[in-house]
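Below is one structure; the comments refer to it alone.
Letters A, B, C and D mark the chains as written, and numbering starts fresh at 1 in each.
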Amino acid sequence: MKTQQAKNKWIAKLHEVIYGTHTPAGRLFDIILLVIIVYSVIIVMLESVPWIDQHYHKFLNYSEWVVTILFSIEYILRIISIRQPRKYIFSFFGIVDFLSTIPKYLSLFLIGSQYLTAFRILRLLRVFRILKLVRFVGESNNLIRALNASKTKIFVFVFFIAVISILLGTVMYIVEGPDNGFNSIPHSVYWTVVTLTTVGYGDISPQTPLGQFIATIVMIIGYGIIAVPTGIVSAEYASGMNTAKKMDAGRACTECGSEILRADAHYCRQCGNKLREEE
Amino acid sequence: MKTQQAKNKWIAKLHEVIYGTHTPAGRLFDIILLVIIVYSVIIVMLESVPWIDQHYHKFLNYSEWVVTILFSIEYILRIISIRQPRKYIFSFFGIVDFLSTIPKYLSLFLIGSQYLTAFRILRLLRVFRILKLVRFVGESNNLIRALNASKTKIFVFVFFIAVISILLGTVMYIVEGPDNGFNSIPHSVYWTVVTLTTVGYGDISPQTPLGQFIATIVMIIGYGIIAVPTGIVSAEYASGMNTAKKMDAGRACTECGSEILRADAHYCRQCGNKLREEE
Amino acid sequence: MKTQQAKNKWIAKLHEVIYGTHTPAGRLFDIILLVIIVYSVIIVMLESVPWIDQHYHKFLNYSEWVVTILFSIEYILRIISIRQPRKYIFSFFGIVDFLSTIPKYLSLFLIGSQYLTAFRILRLLRVFRILKLVRFVGESNNLIRALNASKTKIFVFVFFIAVISILLGTVMYIVEGPDNGFNSIPHSVYWTVVTLTTVGYGDISPQTPLGQFIATIVMIIGYGIIAVPTGIVSAEYASGMNTAKKMDAGRACTECGSEILRADAHYCRQCGNKLREEE
Amino acid sequence: MKTQQAKNKWIAKLHEVIYGTHTPAGRLFDIILLVIIVYSVIIVMLESVPWIDQHYHKFLNYSEWVVTILFSIEYILRIISIRQPRKYIFSFFGIVDFLSTIPKYLSLFLIGSQYLTAFRILRLLRVFRILKLVRFVGESNNLIRALNASKTKIFVFVFFIAVISILLGTVMYIVEGPDNGFNSIPHSVYWTVVTLTTVGYGDISPQTPLGQFIATIVMIIGYGIIAVPTGIVSAEYASGMNTAKKMDAGRACTECGSEILRADAHYCRQCGNKLREEE
């Protein structure tokens, strides 16, 4: 009985360290994890450089094994310390964690499986989760809110660009043709996107005067519509900032943003939202 | 008499399904149409890829015929079910629908007419019409309003870019000359637009020090004026959003945007606009 | 005496037609002038295309002469009809008008002077002057106001880009060196501007890993600071729009923008500005 | 005793001339310094152009020596005239000043040390310090304030771009591989940044259809997120401008920005901030 209790207590503490960020130990764990993730990503990147791989193959291989074993231990501890292991295992980060650990073991039996190590890079996304909890909460939240608010608008916009790209790409395919590098409609659409987004590689570029004239129009369209997503995000962000400011100045309802006139109010007079006491 | 009435009723129902979007049947028709349009566009795109066309020519050809026949039926039904067929036939979408159907039939008699199939891609524009009616009305409307409000300004701006491009293109033609790839003034103007819009293919690039110096200035100008259309759309969009928000908060007149103070008001106290009852 | 008076009257009318835009005749004159300017610019552009010049040399040459003679007559009439001819002759447009007329005459005596014909393109700038007076006054004015208000800020910004370009260009010259296409510091600075402004020709691009790493930083800097001029113009433009809107709503002082409360006010109660009567 | 006092007075005056900008002499000193810095930067740039260095080597070398000696004198005077020479010597500008002077002397003993002369370009940064004090204070301050306010946000954003670049770069390395120019993951990440920022050199570009499809998505992402930093700076800048405007209009508290209603107020009625008397 007591052993069980002690075990439970031990697991609760482990949970706090691994998943929590409020205790010094939890924070330390996150920072160490962060360092190892960044280190492992650098290893994967360096391994892909032929010159470095030739000279430091042994060191990189050992580093890989050390990181893999550390990640394996972390993975097992995460499963042990959580109440519903399934929920973790099939969550986004659970799958990523698994995929970051397994390739190195597979490479003992299967050749070519080391490419899967690249999945480890997805662990970098955990950085946001960790950092978010430490410092940038306020910052990111406003950003995320603005992006969320303009999500549908940006989707409509991207959709519009897709349609316009297919239309203009087809026109360019007919005008320039395979002789000038526009081999097929998908290839022309690729060129149109390259031009509309003002990237402009120059691997394909119009050769006929008519093609160049149409390209000019495509560019000016692209230049003109660059304004649209910018305008949307600017406006949404500014609007979010104003709301935040209002809340800083007098007290304001966190639900509807209307001003709280009386200091002793407990409910918003506009929307009936229960007000949090000021700290 | 009764047959006529039954026929009329049948046509009215057909009209509702084909042109309407409020009944489940009408919505289903639009979604199926959308799927077929997207499918036909993919077919056209894949047909233009030499490698795919060689291997799957038969399948693509059959798909073409199926889509063409479906489009033909749709076209005929559209003409039957509308009161003024002429209005539809000579409308933008009427012409597009006709041009998407006819090329395949022509290809039996005329060689080379399959290029016209590309017109089918214009049917993609119908996507906006369909989607607009289904979900994104609010979203698009605000976007369209902002773009409409800044239409003249963006026109002036594009005009300004055109004039500046001709001026700078001529200067570059004189400075660099045909030996460095600036073959003619139109070609130089093309280069100027490529540079001003920050696309930068690199198919032509200045070779002389003086040309590179002028190019530097052109780029900074382009970088500087990218701000202008963005600023315009941002401001217009933000202004539109504020008006929309005002209407969300208290009740506001839909005409002049001034606040409606009394809940029992039937006319705007500022502009006399008849107010809609709140839902 | 009477002849003098008649002549004066005739000159006054000529002045009205040439310089004015309020009478139908003045507007017609401006439109015809605009058409001829655009036509002459197209001629100059086409002349520079070798293929077109070979086939239509005669036609282009005659067109040139016709345009030159029309411009000459216009130039003389402008001098006659104005009170202070000197003011016009030495004004910006006076010099442009003179330089657009003279090269064709010079080409009879001097070989190579036809390049000066390119000055004619500067006449296109007159387009703005004419259009401004006809339709886009309101539109352009707000744009010009916004650009004017952010003039110094944009200057500081451009200056900042110049300094950063020289610094980064020098670093890249030391890192990459002449072997990788960075022939000299001015050349490297050119590359830096090409990269910072996101133009990216690709005529020079970093080859060493370190150079590519620095290039990456340069790009992200460029991407980050693209926000600055956009932000400035957006804010200025929005601020201008708000002022304009305020004036549309109640009556507002044109000087300080404060609202005019009493309809019978003749002076602004805030700044003492004499108010214009409402139309 | 008197000599000491005279010396002190002389040093105080020297300090005022060199470090101060309020006296005419101080301003003159700064302007002359600015001219010499710009001149020395031009010399360094021209020296790196092989053609110019060959023809004008002697002149450039003499100029170098003159500038070096002037800078040496300035450096010594700066040390003499300041109370705590150490603070200056180990400050950013102290080190820059030292590094701009020493290379020319070193070049007498060591070959190849002339590359260090490039450090002189860092002195250009002094331009901002000087100009800031002379004219653009107001302008820059608002700009700097806006950039400062959005610092963390832009950092989060840059961090986000870095993570996304590594992820997408790895995907492209696996898809395209070394055969199509994506030699290693760092190289692919470089390509991703080039594409995301819409620079698009074209030195590496996707060759496989799948790679081009992914590239298309990368470009649209890049195009979409260009909106984010712009939106942030726009909003911050506009917010700063509004505050500034409020202060211009009625009198406003410099702490909380609330309006001062009574002209004879000495403390802000909102936050109790001691108000500065109006000038």
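Here are a few things to note about the model shown:
Going forward, contacts are C-beta pairs under 8 Å (C-beta built on N, C-alpha and C of every residue); 3 or more make two chains touch, one makes a residue touch a chain.
Quick caveat: nothing in here was measured; it's all calculated off a predicted structure.
Residue contact pairs shared with A-B exceed half only for one pair among A-D, A-C or B-D, and that pair is A-D.
Farthest from subunit C, judged by the mean position of CA atoms in each chain, is A. Looking at B-C and A-C, the interface holding more C-beta pairs in contact is that of B-C. Superposition on CA atoms relates subunit A and subunit D by a rotation of 90 degrees, given as a multiple of 5. For the pair subunit B and subunit C, the distance between C-alpha centroids works out to 31 Å.
One simple way to say how far apart two chains are is to compare their mean CA positions; for subunit A and subunit C this gives 43 Å. Those residues of subunit C in touch with two or more other chains are numbered 157, 186-187, 189, 198-202, 226, 230, 232, 234-236, 238.
Partner subunit D is touched in their complex by these residues of subunit C: 152-153, 156-157, 159-160, 163, 166-167, 170-171, 173-174, 178, 183-187, 189, 195, 198-202, 205, 209, 212-213, 215-216, 219-220, 222-224, 226-228, 230-232, 234-236, 238-239, 258. Listed in rising order, the residues of subunit D touching subunit B in the complex are 198-202, 230, 234.
If you check the complex, the residues on subunit D that touch subunit C are 41, 44-46, 48-50, 115, 118, 121-122, 124-125, 127-128, 136, 139-140, 142-143, 146-147, 154, 157-158, 161, 186-187, 189-190, 193-194, 196-203, 226, 229-230, 232-238, 241-242, 245, 249.
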